[in-house]
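There are two complexes below, and they share chain A, which is joined by chain B in the first and by chain C in the second.
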Partner chain A sequence: MKNMHIVKGVYYDSVTLMLVARELKQIEDVREATLNIATPANIAIMRQAGFEIPEGAHSPDDLLVGLDCPAERQQELFQTARTWLASPPWKKESEKTTYQPKSLDGALSILPEANLALVSIAGRYAAAEATKALERGRNVMLYSDNVSLEDEIRLKQLAHSRGLIVMGPDCGTAVINGKGLGFSNACPTGPVGIVSASGTGLQEVMVQLARRGIGVKHGLGTGGRDVKTEVGGISFVDGLNALARDPDIQVLVAIGKPPAAEVRARILATMEQSGKAGVACFMGDRNHPDAPPVFFATQLEECAQVVSVLLEKGKQVDKATVKQARQALFGSYPVPPPHERKDGYLKGLFTGGTLCYEAQFMAQPIVGPVWSNAPLHSEQKVQGNSLSMAGHCMVDYGEDEFTQGRLHPMIDPSLRTERLLEQLKDPMVGVILFDVVLGYGSAAQPVDELVAALQQAGYREGSSFPTLVCSICGTEEDPQVLSAQRTKLKQAGVKVFESNAAAALFAALLAQSPQGKEEKNG
Partner chain B sequence: MDSKHAINPLDALLQKGPVVVNMGMESFFHDLQAQEVPVVHVQWRPPLATQGLLQKLQKIGGESS
Partner chain C sequence: MIELSARLRSADWPEKPVRLQVRHRFSGVMNLVGPDEKRYTLLTRHIDFQPRSLLCASLPAHDATGEEQYSFPPVEVGFDPELRLPFPNPRWKGMWTEWPTLETGLSPEEVEKGVQLPESLLGRGEGFTPAGDDLLSGMLTSLLWLDPVLAERKFLRVEPMLHNTGWFSRQMLLDTMHGCTWKRGKDLCMALCDTDAARLLESVASILQWGHRSGAAWLAGLGVGLCLADAHNGG
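Right, the complex of A and B next:
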């Protein structure tokens, strides 16, 4: 029996809600347990899962507890959920008794030397807390999304006027002095400094650099909107200038989706004046020929490849050498043999927004238009459930429409897994492409649920199922251990790549026009 | 001005490394601890004005199932 319990006016962070739901599902008799903040998006998802939620009378300050279990156990299990929310059983006793301040000022009285506030509370409260931190002279990393553009501009102007930085809103990743904040991989520290308007873009470049034995000292995030005209690249330019002043940094890197023209000009001028070699990776942007000391990359692994050449050859590197290094990289990407090609659409399901964007950029020249909720071109935009439409599609499950009051899919990939399994059964689908992002902040076991479901569905490589292609962004030193995740996926029959660009190219080359199927089905 | 005091707070962050007040997801606090970053976690709750309103709503609506 599916029943909905509503608790009014409570606050728990999304990770706690996910962990309580996971513990409840371990109990015999519990077929489903789901705990969510009552945002419109969550209400829609829970209704779709068969839970009846009455109209109205809910606010995002309410908690929805959905339980699918025998009627006689509903109240008992609901009470169990509340007990665990109040006192999580997985917490050590020492953690439960350690004093935790209730406010920023309380925290600063305990740790007055704090120089950064990491804010990941609900977006509607985040700007106020970020303002307090700035007024108290602290830098801010604003992980929260759903913060207004007006608040973002105000916060960044305030930070700039005081020599501080606001990384975000919607900034998932930063690395400072080799220490990762938010979603970050265990990578070596070294002579590279990065400013990125893209969280997973920063992670992928750091991982690709680590594969080449190169470390990053600082990786500053800005949030994606920073490079729009309205914000004007305030944090991006302040970040680049700060990295330029660091004598340990030899190469400056700028990463993001293509910025507004005037912001791009400010970024490039800052890099040129820095006195350091630089690589600008504005994904998909082919408009700029290399102009030493600044070189350009159109995708993330290429960015790492160019950085490695600059470090190896020094500032005097010539354009021909960089061009050769690019060609060597592109020439190394695997191409599927003709007999492996699949008749059907290419569907991409991503937890990393920039990885989704990069995959579209790699695939579109091969397969034609790719539709998405976060498309390359606005005319190819469709709403969240675009996977169900006829055509090649890629969905970013980290977009606001999926994350209001809900965990980011890199922490809780269950919705993505559910949708991926639906695609597996669709006869019009030829190839399914997806990402797995490891590191601090990400799910402890990011592929277990998917691998178990694939085994249950009888999936095997080379069968009539769509071909599964995956990229893993991670290192051997990450908490999830790259090789362990790779082995699980390979054993499940998934084709695994350690570069998102290479995976996307391979998947696009596998996907054939589904014309034949349309004729057969229609 | 003493050059020690002239350093701006962003440069100071990059030179010293992060010392963090974490507000929100507790998992980020644990990840920072695992990397030996000095960090304090705030048991953050929505501001009182909202809570007062919620308490009134609670009285009217109560808990339902």
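Right, the complex of A and C next:
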């Protein structure tokens, strides 16, 4: 029996909610347990899973506890959930043997020499904490999302006026002196400096550079809105200027979705004046002719390829050499044989926002319009509920609609796994493309749940099921170990790529729009 | 007569044999009551030192519940419960200002009321020493340390109302009123006078290991007292 319990006016962090749900599912008789803050997106997800949630009986300050278990055990298990929420039984005894400061001032008293504060709290409180950090002379990495645009502008202007930088909001990845913050991969330190308005874009470029034996000294995130007109690229330009002053950095890299025109002009002018070679990778942008010392890329792996040429050839590099390197890369991407092509739609289910965006950019010229909750063009935005995926469609499960009161899918990919299995059963679907992002901060076992579910569903490569294509962003040194994840996926029948662009191209070439069938979206 | 295999004693442990009766017995600690109704404690771990306590190799094996004469060979003082300290290092102000909000089992409203009327916290909360008593002990420790005048004013009505809590808590609060504290608390206060961040963090962690929530409540109280003294003395 599926029953919904509402707890009014409480807040728990999303890690606790995930762990309590996971523990409840271990109990005999519990078929499903889900705990979510009552945001509209979470309500839609829970309703789709079969839980009845009465209209108007809740607010985003409430907690929803959905339990699928025998009726006579509902109350007992609900009380168990509440007890565990109040005092998690899995909390290690060792946690009591260390003390972590609970406030910025407490942390600064312990580490007065720190020059960066990482703020990761609920969005509505994040701007106030970031302001405190700036006022105390610290740079800020603002991991939190759901921070207003007005607050972002105010924070960045305050930082700029004090010679500081705000990375974020919604900045999930940064690298300082070779050390990763937030989501990051185990990559070497080296002569490249990156400013990125996209988190997984930064990760993918760093991983591709690592495969070419190249390291990154600093990777500064800015948050995606920084390059929009309203913010004006304040952090982006300040970040580039800071990297330009660093004598260890030989090549500057700028990564993001296409910026607003005036912001692009500021970024490019800063790169040109830096005295260093640079690569501007604005994904999905129209092609720009290279203008040394600045070269252009529209894909993430291409960006890494161009950087490797710039480092190899130094300032003497010419446009023809770079062009050759690009052609060599694109020529190396595998193309599926005609007999493997599938009659059906291409569906993309992503945990990394930039990877989703790049995949659309790669696929759209081949399959036609691709719908998304984070589309290339606004007219291709999925209308209403992003859970319904009609036509060629790619969904970013890291978008705000899915992460309010819920863990980011790179940490907890269970929702994406559920949705992927739904797509697997759909006869209209030909190819399913997805990503797996490894590294610090990501799930410890990112593919185990999916692989088990595929085995249970009887998935086999080459069967009538849709073809599964996956890109892995990660390195052998990452905690999850690239080769271990690759092996698991391959054994499950998934076609695995180590480049998002290559995977997206392959998936798009596999998918052929279904004959005589049409799904409407938008 | 019970002979104790003592190793060290607190400075206030009586030097002559004393008649005591067992009140509580735990795995590594035994609380006894003396003719003056005061608590005396036998310990097996140095970190658990407190006023009127004796560190033993092992606890007496018998299950005596009646009054017994306890004796021990002369041993050195291993802990002085009196708190005689310089001022805390202002560098740690950011730390102690966050302690009053620690999870103690008491509501913020109860703590807020307790700051105004300390007697309202007597016996409040669950546990061997209720969280309210632990918080009062911490608060009184820092006030007596830094602002005895404010301490006396704040706690004027507490002593006559000590019957509102249990014997063990009452003894803890009476010791605090006489300027004595437990080893974990004294270590922390000493670390607050120092410049060593690692030492301070270790001391805080040690306090938090004390009881289920006793340490957190004592720490919250210490933070309340430090903030009050700070505000009273003009920041």
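One rule holds for everything that comes next: the second predicted complex is superposed on the first by the 496 of 522 C-alpha atoms of A that agree within 3 Å, B and C clash if a C-alpha of one lies under 4 Å from a C-alpha of the other, contacts with A are read in each partner's own complex, and residues count from 1 in each chain.
Heads up, the rule we're going with is that a residue touches a chain if its C-beta (ideal position, glycine included) is under 8 Å from a C-beta of that chain, and two chains touch if they have at least 3 such contacts.
Since the structure is predicted, the reported quantities are computational estimates derived from the model, not experimental observations.
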{"item": "First, second, both or neither for A:A117, with chain B first and chain C second", "value": "first"}
{"item": "Contacts of A:L181 with chain B and chain C, given as first, second, both or neither", "value": "first"}
{"item": "Partner chain in contact with A:L108 - chain B first, chain C second, else both or neither", "value": "both"}
{"item": "Touched partner set for A:Q75, first chain B, second chain C, both or neither", "value": "first"}
{"item": "Chain A positions touched by chain B in one structure and by chain C in the second", "value": "101-104, 106-108, 110-111"}
{"item": "Partner chain A, residues of chain C touching it in the complex", "value": "91-95, 97-98, 101-102, 197, 200-201, 204-205, 208-209"}
{"item": "For the chain B and chain A complex, residues of the former touching the latter", "value": "8-28, 31-32, 34-35, 37-47, 50-51, 54-55, 57-58, 61-65"}
{"item": "Interface residues, chain A side, partner chain C - complex", "value": "96-99, 101-112"}
{"item": "Contact set on chain A toward chain B in their complex", "value": "3-9, 11, 13-16, 57, 59, 61, 74-75, 78, 100-104, 106-108, 110-111, 113-122, 125, 128-129, 133, 137-139, 143-144, 162-165, 176-182, 218, 238-239, 242-243, 245-246, 411, 440-441, 479"}
